[in-house]
């Protein structure tokens, strides 16, 4: 049922349990270690890195009483970002973007959350460092996080993912600027290919980010006892960030369209320039060649040929015609 | 009244009747065999393959008390996907997509369902194997299906159809990748034709899938005693899949548009290249031809012609002009 | 006030009066003949072919107590399809499409209905045969029509008009297929003109059909005592047909856009081909002409000219250069 | 504060006061003459032509107790059409279009209305004759106008303005037809300029008319004691006209886009034709020129030159090559 | 946390405190000087120019009890315009546009407001003179401002910012007109670059202005005790101005698209003209060159060469061919 890339590494399960007064962090060896935390009044964050061992997800599902469709969506990594309320828990699927340094392209990984009354379970395809600052904030009791409930933790995780989008956008922004410089100096078919690739990347990003807008908006407006009123303002903040990401994507798309236009018309311009050179050469030399051809004819009776001034006069005429042509083209601004 | 392709084969009627405890499957010889099942408390699924014998549909309509417009819509295969509530039964029309191996194109077939309180009647144009896994699940009592009512069966049938869309999308995705490879290596007018054909296919798919979104969304939100609350979550799941299909179609459309741009500008680029070759040849050789023409003139008094160094000097001059031209074009990056 | 084409023929008034038990049909000589039917409990359908005699419309308006704006809209044939409720009657304006065989183009004619509690008055610009099947159904008491009220009659008339759209769409579909064949075999400027004409036709159709969607949707949802609940399902059916018509128009528009792209790029391709021929000829022959020119120079001291092998060697060289060029172009796939 | 064109002429104030029984019309010498009419139960229409004397507008504002922002909007002629309710009066800003015969372009002028319980004050930038038919109808007591209140008068004024749009649209329609004829016969760069100018005019019209739709729609749905229920049907009628105007503008836009496509591809077609001529000439004559060049070489040993049949054979060969070329191009449909 | 440009200058804090009777203005040396004003019943306007000293913002935040997210948004200058209600204060973020004279481009600066019951705190990145007229109006007690509350002050500040947009639009309008003149007279690749730059500027402006529409619309409709009903009409007025700005931006975008089309087709036209010149030259001279070439052949037996009229006849023939060609091209309108 797991539809992502095949992997063989061990699934890593980490548990962070805290309230304002106490804090506990440990790496679970088996999935069963997570279960006792369910009953405690503290906030518990269970993070699972790796979805290829479906049985782990199933065990958690059974213990936390998750709907079978939730389990399906967790391991089926082709989901669209969405939010689903199952009364005693809320299920959220998001896309975490990362920048693939090798392929020089943005990639996406599915992250899902289950938010219960006093726990958050997060599922990632691979280990990532996006959540590290949150761990640090919990450990150090920095900011509000230790004073707030599981809903705030869920917000913090979503916020971390959305903030990460801006890094991807910066990468793409840099690429666009690079292309723009090339476009002005020296447009090549490779430039076209690069614009096309970026366009595809924008299609990909758009697909990942657009539904997010609705997900967060629904979370914010949702009337669920699991989400405290005081968390709404934070969710609204993430929502604003999502809109900013979408704005940036749309702006990039507009810019790429503009660049394509520039590219096409600069190709057109260069063709024009080539045509002008050809036309100038042909227009100047072909008539002169005719003159030379005429006096190369072998008629017996051609009085000009016998005349001592014949050659210089014809040569001069040719030169004058050539110069007049050049002046004409100057006037027409072709030279 | 039947508007699909003319067919002559026999109409196949299969009946599956089940509840949690019992299960019965048979192929009906005449349409009347279906009628007794209507009164039983078990869930009955009547599947009719073939719509060309309109009288069968009419008999079923009379027995199950279906609205005349429903019968019309069942046999008139040009329907748009839709959902209609007739209080004691809900009528759903969908498009089943299949991949026509011969024509290498996606095709569509109309499938309609009538969902009653304890029965589902499904009408297909031809026999298909899309519903076989559901039959298997009922036979083997796998999953929830035997424990749930007729509404869950209807969901399962719709789900099977929507899942089948992903296979069509994969076929198209492969075709797009093929074209993309050709596009980079060797764009031909046939490539353009292929892009155009895919675009038409996308228009066709879009027309089949877009209304589906609304159909399923209405089914999910519909307040009918025929659809149990617990089925809503499953319908929401199919809805998510439909959105994914629509997303994929839109993405393909965007990609095809991009490919058309690439194609057109690569044609443009090649024309540019051709023009450059022509211009280089003309610019180098036409002036040299003029020089040769000049010394081919037959004037009696042309001192250069008499000079012993005349020919080598002119030959050298021609060579130098040629070389300078080549250098000039190198500078202009035309060579 | 009448804004359609000027006409001089007589206005034809036909009256059909029926209920389940009785039926009466006659052609009225004067408009006053219609008035008695207003008071009877039977359903009365008054059909007026021809709007150029405004006084007839005015008399009917006065007798049936129609709002002055309704009368204005009936004779002013540039109306947009719309529906207006005047409590004791509902006024509907539609566009009837017909295929003009002479001009090979779709045309539109305004049809308006006034639906009262027990009558329908229909106004057409010219006599048409679209309503003939309905007359036949009333005469023969086929189907439901004789058992239902005036609202069903109004539905039947609207349905006849919408069904007629499909015939127009078929004509256009055939034209599109014709063009598509030409496009592949032999694109001409006339093809472009034909595509353009079809695009204009689609704009025209769209303008006629789009507002219809809203009209029928409002009729269906309208809470009026004039429209019985049981008629809603029929109106919903016409609504579905309208959506199908709109879908088809949008699909045709998409296809025409695609065909324009194909046309433009096939023109581009052919230009490319022409350019290649020119470049090949120029590239092969211009250098050879230079060689011929060089040995046509009249220098006294040109050792090659005196040599007995001079001519064959130069001839051979020329041939080799020519052959190499051909091989080069083969490699470049220009030949 | 007045932002329109500077003007120096006198501001013209006309007062029409009427009810069903009586009628009074006069041209006021000073603004104070208008004030007594405010207290009468008759309907009073004060029309002010010219906004450059801001003090007149201010005096009226003070007497009729208008909001300061209303006065600002009246004299600031760059307003967007809008409707504002100030409980005891409703303020409406519209754009009156006129066809500037000199510049051959549509122009716009701001018209604002203040509708009170028994008065309408209208402000125009310049004197116009659009309202003359309404004056005539009041004078002659034609139609309903003398029997209805101030709200009907306001409707009549708006209706006059919207009806005037159709005249502008006709002008533009004629221009489009003119261009279309030129497009087919003889496309010139001027045609492109004309299409572009019309496109700009459509942008301008669109900007003036689009907001009008909302203004009238709000007026119609507005729950104000100043607008009687019976006027709603008339407002709905103007609304329909506005939609028709918008439809026409959108259709014109579509047509202009189509014409641009036609223009561009006809330019492309002509280039193609030019290229063909060039290619045919070059392909036929350049090889022949080479042959002539070869037999123009001065080699001592060229056996063909000595042969008595040499010249005729070569001449014949050349002719045959030429004829074959022509046949080849005929086959390729280039000739 | 401050994300704008790095700056080192001092942060300038100015306080204006007023009611109808009294007025006080001072520049605060430290942020603590602002605090006493909070408790007074007068309206207090605290303006902070410079956000790089985050501690000042923090102190104000603590004293005025602002939400931590508000403080974050104030110093994080990449915000999207938005409005947030925190019950005891309303937070508004806007973009102030300015015209960068050096780079000849529009720039944006973030301005945020906190509106409390009797105070407004405004935060700007740099000192600007946009608010000076408001300061002057408060000092001089001109207009309504001294009689109204803090909400009116907030409106006045927003109004000043939106009014400033019109100045930017005028700058851009002038640039567009400049380009349009060049486009007609003399289109250059630089023109294309200029159009492209303006397009990017429009994308930038759009991004700043579009969300503003929603912000002001929400402010107007918002049910908050902090905003008096009487201020709504003023907010509606700013809203209308925002719509006008958006309209202008969209119109400019449409015009720029049109200009790009004109540019591209004028490049195309010029290429066409160049091609024609080339074709005319080639078509006239190449056949003549062939004739000259033929009579330049060295065959011993060429009777024409011996004939005394040979040369004149050939010369005449050439001239006639040339003249016929010119006539032919005149007919084809190529000359």
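Per-chain residue numbering starts at 1, and chain names A, B, C, D and E are given in the order in which the chains are listed.
Here is the rule we go by: contacts are C-beta pairs under 8 Å (C-beta built on N, C-alpha and C of every residue); 3 or more make two chains touch, one makes a residue touch a chain.
Since this is a predicted model, take the numbers as computed values, not measurements.
Number of steps on the shortest path from subunit A to subunit C, with steps defined by chain touch: 2.
Shared contact partners of subunit D and subunit E do not exist in this assembly.
Among the remaining chains, not one touches subunit B and also subunit C. Comparing the contact residues of subunit A and subunit B by number shows a mostly separate set, under half of all numbers used being common to the two copies. Put simply, the C-alpha centre of subunit C and that of subunit E have 42 angstrom between them. Mean C-alpha positions place subunit A and subunit E at a centre distance of 26 Å.
In subunit E, the residues touching two or more other chains are 268, 271, 275, 278, 282, 286, 289, 293, 296-298, 302.
Starting from subunit A and moving next to subunit E, the ring of contacting chains follows the order A, E, D, C, B.
The touching residues of subunit C, when paired with subunit B in their complex, are 184, 233-234, 236-237, 240, 243-244, 247, 251, 254-255, 258, 261-262, 265-266, 268-269, 271-272, 275-276, 278-279, 282-283, 286-287, 289-290, 293-294, 296-302, 334.
By the touch rule above, subunit D contacts subunit E in their complex via residues 67, 69, 78-80, 82, 84, 86, 189, 192-193, 196, 199-200, 203, 207, 260, 263-264, 267-268, 270-271, 274-275, 277-278, 281-282, 285-286, 288-289, 292-293, 295-298, 302, 304-308, 310-311, 314-315, 318.
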